[in-house]
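Worksheet: the structure to be examined is printed underneath.
Labels A, B and C are assigned to the chains in the order they are written; within every chain, residues are numbered from 1.
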Amino acid sequence: MRHDHLISARQLSRADVEAVLDRAAEFDAGERVDRTGDLLGLCFFEPSTRTKMSFDTAMKRLGGDTVDMGPVDSSSVKKGESLADTVRVVEGYADAIVLRHPSEGAATLASEFVDVPVINAGDGAGQHPTQTLLDLYTIRENAGLDDITVGIMGDLKYGRTVHSLAEALTEFDAGQHFISPESLRLPRNVRYDLHESGADVREHTGLETVLPELDVLYVTRIQRERFADENEYRQVAGEYRIDAGTLEAARDDLTVMHPLPRVDEIAADVDETDHAHYFDQAHNGVPVRMALLDRMLDRGDRR
Amino acid sequence: MRHDHLISARQLSRADVEAVLDRAAEFDAGERVDRTGDLLGLCFFEPSTRTKMSFDTAMKRLGGDTVDMGPVDSSSVKKGESLADTVRVVEGYADAIVLRHPSEGAATLASEFVDVPVINAGDGAGQHPTQTLLDLYTIRENAGLDDITVGIMGDLKYGRTVHSLAEALTEFDAGQHFISPESLRLPRNVRYDLHESGADVREHTGLETVLPELDVLYVTRIQRERFADENEYRQVAGEYRIDAGTLEAARDDLTVMHPLPRVDEIAADVDETDHAHYFDQAHNGVPVRMALLDRMLDRGDRR
Amino acid sequence: MRHDHLISARQLSRADVEAVLDRAAEFDAGERVDRTGDLLGLCFFEPSTRTKMSFDTAMKRLGGDTVDMGPVDSSSVKKGESLADTVRVVEGYADAIVLRHPSEGAATLASEFVDVPVINAGDGAGQHPTQTLLDLYTIRENAGLDDITVGIMGDLKYGRTVHSLAEALTEFDAGQHFISPESLRLPRNVRYDLHESGADVREHTGLETVLPELDVLYVTRIQRERFADENEYRQVAGEYRIDAGTLEAARDDLTVMHPLPRVDEIAADVDETDHAHYFDQAHNGVPVRMALLDRMLDRGDRR
């Protein structure tokens, strides 16, 4: 990595990504380190069970511990403290900071004020690089990262997770198919960037034609809030749901992923199939974050 | 124990119970183990200071650590995630899961979806087996578990704690007296089950006649919400309050218990008497939960 | 210390304070102890990011761990439990208790009911002794504690922090200047006590004349809520704000402090000057609380 901070998946070269995934695989295989005495500061300015618990687990699995800023409504933030001040206080407590914030750019701003490593755990419509890394890890474990065909389906317009993953995949030899209703297509600028990166990108409004080609199908939720009309939502969402029947047309080794939580876009009968990898995917957050934290805390030690 | 999960006190034989209480007594006497690296997942779908803090303490006293799902209103649950999905994610983080949930049957359901041990820490009107075990531990430490006479007083209609304890006591040679207002008597089905188990059960509307016989008096709160009429509540609740004066008619070695929190059903002047064991009872949650966790994590290790 | 509990800075002699600060300096310099197995109970009956996270960090830096009562709205307190009952339960979980409570006198009350050390982390308008100790530590590190001139500016009427610090400074050879609007002067009884202690105390309505003499300038926030009239607030608050320009009239080695969070009473351009010590001050909470906890847990061990 070129930086002490991890703000965006974009800052990671292919070699960086592979180094992190290799290290994650070691932790997954039982590798142990002893970071007794190291503290990770958890600064979550908006709720996030999944990500917060995963970082908490990763740090504790490394032998270290965490200190939590607590919910914003019980914090100094409510008294009008700036983000810059909050993180400058927390850097006195912790050896690294994980930051989740509703405003795009928050992690970059925070990183400019502190001397400990900052890890972006999601900044509004911005980046969430550890999600991208655990997605890549899951794809690599199941399908490899080269010469694969990936389908990404659902809300492609607002999905931060999807944009980062698509961008990261351009570093690898992956064909990408985007499946969504017309109203939730990839934004023009994301499409443009993908084309500029030389990605092999195709868009579809239905899964049917492309499904048999896919090594990986990444499903995301279509949110009710995106539709003014409830009937339109129901009709659209219904077309982008999958169940065990849908997957009969897929390759036997198709890997189905989802960033979770799901509501009903993947039926429960898929859980019983060999295609289901979304729970593994969530679990992979632990070794991936262990690898990252172990690496970034080392850099911190060297300062 | 016949199961990897602890859902109900009913699944514990007398021998199981005694094994757990014996082990708890060892921890109480200073026994130490080193579970460094073991993580307990805390999934509390409704608030519970007492139980959560007690499990957190027990796991840390074993040398392990905990990871907390956090409050439900900041979790994926709010986005519509099912209980089955939530626990399947958490099993990737933790070596065992403690679950508190407002719906009866939640712990059983959760246990069907995960491979790590699930401990029920209360599921609505259902079971709360570790409360029962710490109650039994406290009775055993103070009065023994055989050839004793136990009085249980207060709200016997809605009290989950009381039903489990009464049922568990049928495994031992304990006479049971139930003292409550007519409107808050033991439910018919609980009475039936106790009779079926061959328990020596008697019901009273007042404490006075039975008090001198008791080795243990277990007091529970009568909740205002149970009464449509404030005056009726006050009158009824007043009759089931005890103070130091009340206890003058009791045996010198009467053990008074209460699951806490109390409001005013036990007057503060009882705290100064040798009868008061309700704080010890709360503290006993730690060695009892240490014993359980140590045992269940061993089973987990063997899998 | 004469007591097992730390309720008020008043109970600390000059020798006590110096012993704690000396020990804090050792921790600051990298001294390590191993309190594995010791648990600190965090009982925060009102929100406090800064103080809670600092105690949490301090205990973990000592090698120990913490157990948290959680927010009051999810606790037994909401069911009507008394403070005395709550702390008597928590003493069964933890080796020492940190208590923050909205009511003055709460820490004293709590300390009367439990056998583990209680540390007051703020009780309403009452005391907050660890804040005073970290303030003294910061002053000592930067200006020494003898033969210094300290200015305290802002809301001197309601500021608990300010009253404790002023009182503590009377044990040392420090001149004290109080700078505030007329309506927010030191309360009469605080002034009286300071005079009785033989303190060299002067009051001002402006900073200008006294600034060049100061070794330390302690700034506090003037709260909007203190003023019925928004315009009056703006005018008053504006006069007690400092920026880099203001400080050109100060000594080169002036130490500027603030208990944080700040809103705008210290402009961001001060952060870049050598005067800025308010973030260090927050960080100093960790070694100071490590020193206190290490000392009080030793006393606990001896019991």
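Details
Just so we're on the same page, a residue touches a chain if its C-beta (ideal position, glycine included) is under 8 Å from a C-beta of that chain, and two chains touch if they have at least 3 such contacts.
Since we're looking at a predicted model, the values are computed, not measured.
If subunit A is removed from consideration, the chains that remain stay connected by touching as one piece. On superposing C-alpha atoms, the copy subunit A sits rotated by 120° relative to subunit C, to the nearest 5. Of all residue numbers used where subunit A meets subunit B, under half belong to both copies. The two sides are thus made of different residues.
We define each chain's centre as the mean of its Cα atoms; on that basis subunit A and subunit B are separated by 40 Å.
Touching of two or more other chains is recorded for residues 65, 71 of subunit A.
Remark: subunit B residues 36-37, 39, 65, 67-71, 73-81, 84-86, 88-90, 92-94 touch subunit A in the complex. Residue ranges on subunit C touching subunit A, taken from their complex, read 32, 47-50, 52-54, 56-57, 60-61, 63, 65, 71, 260-263, 268, 279-280, 282-283, 285-286.
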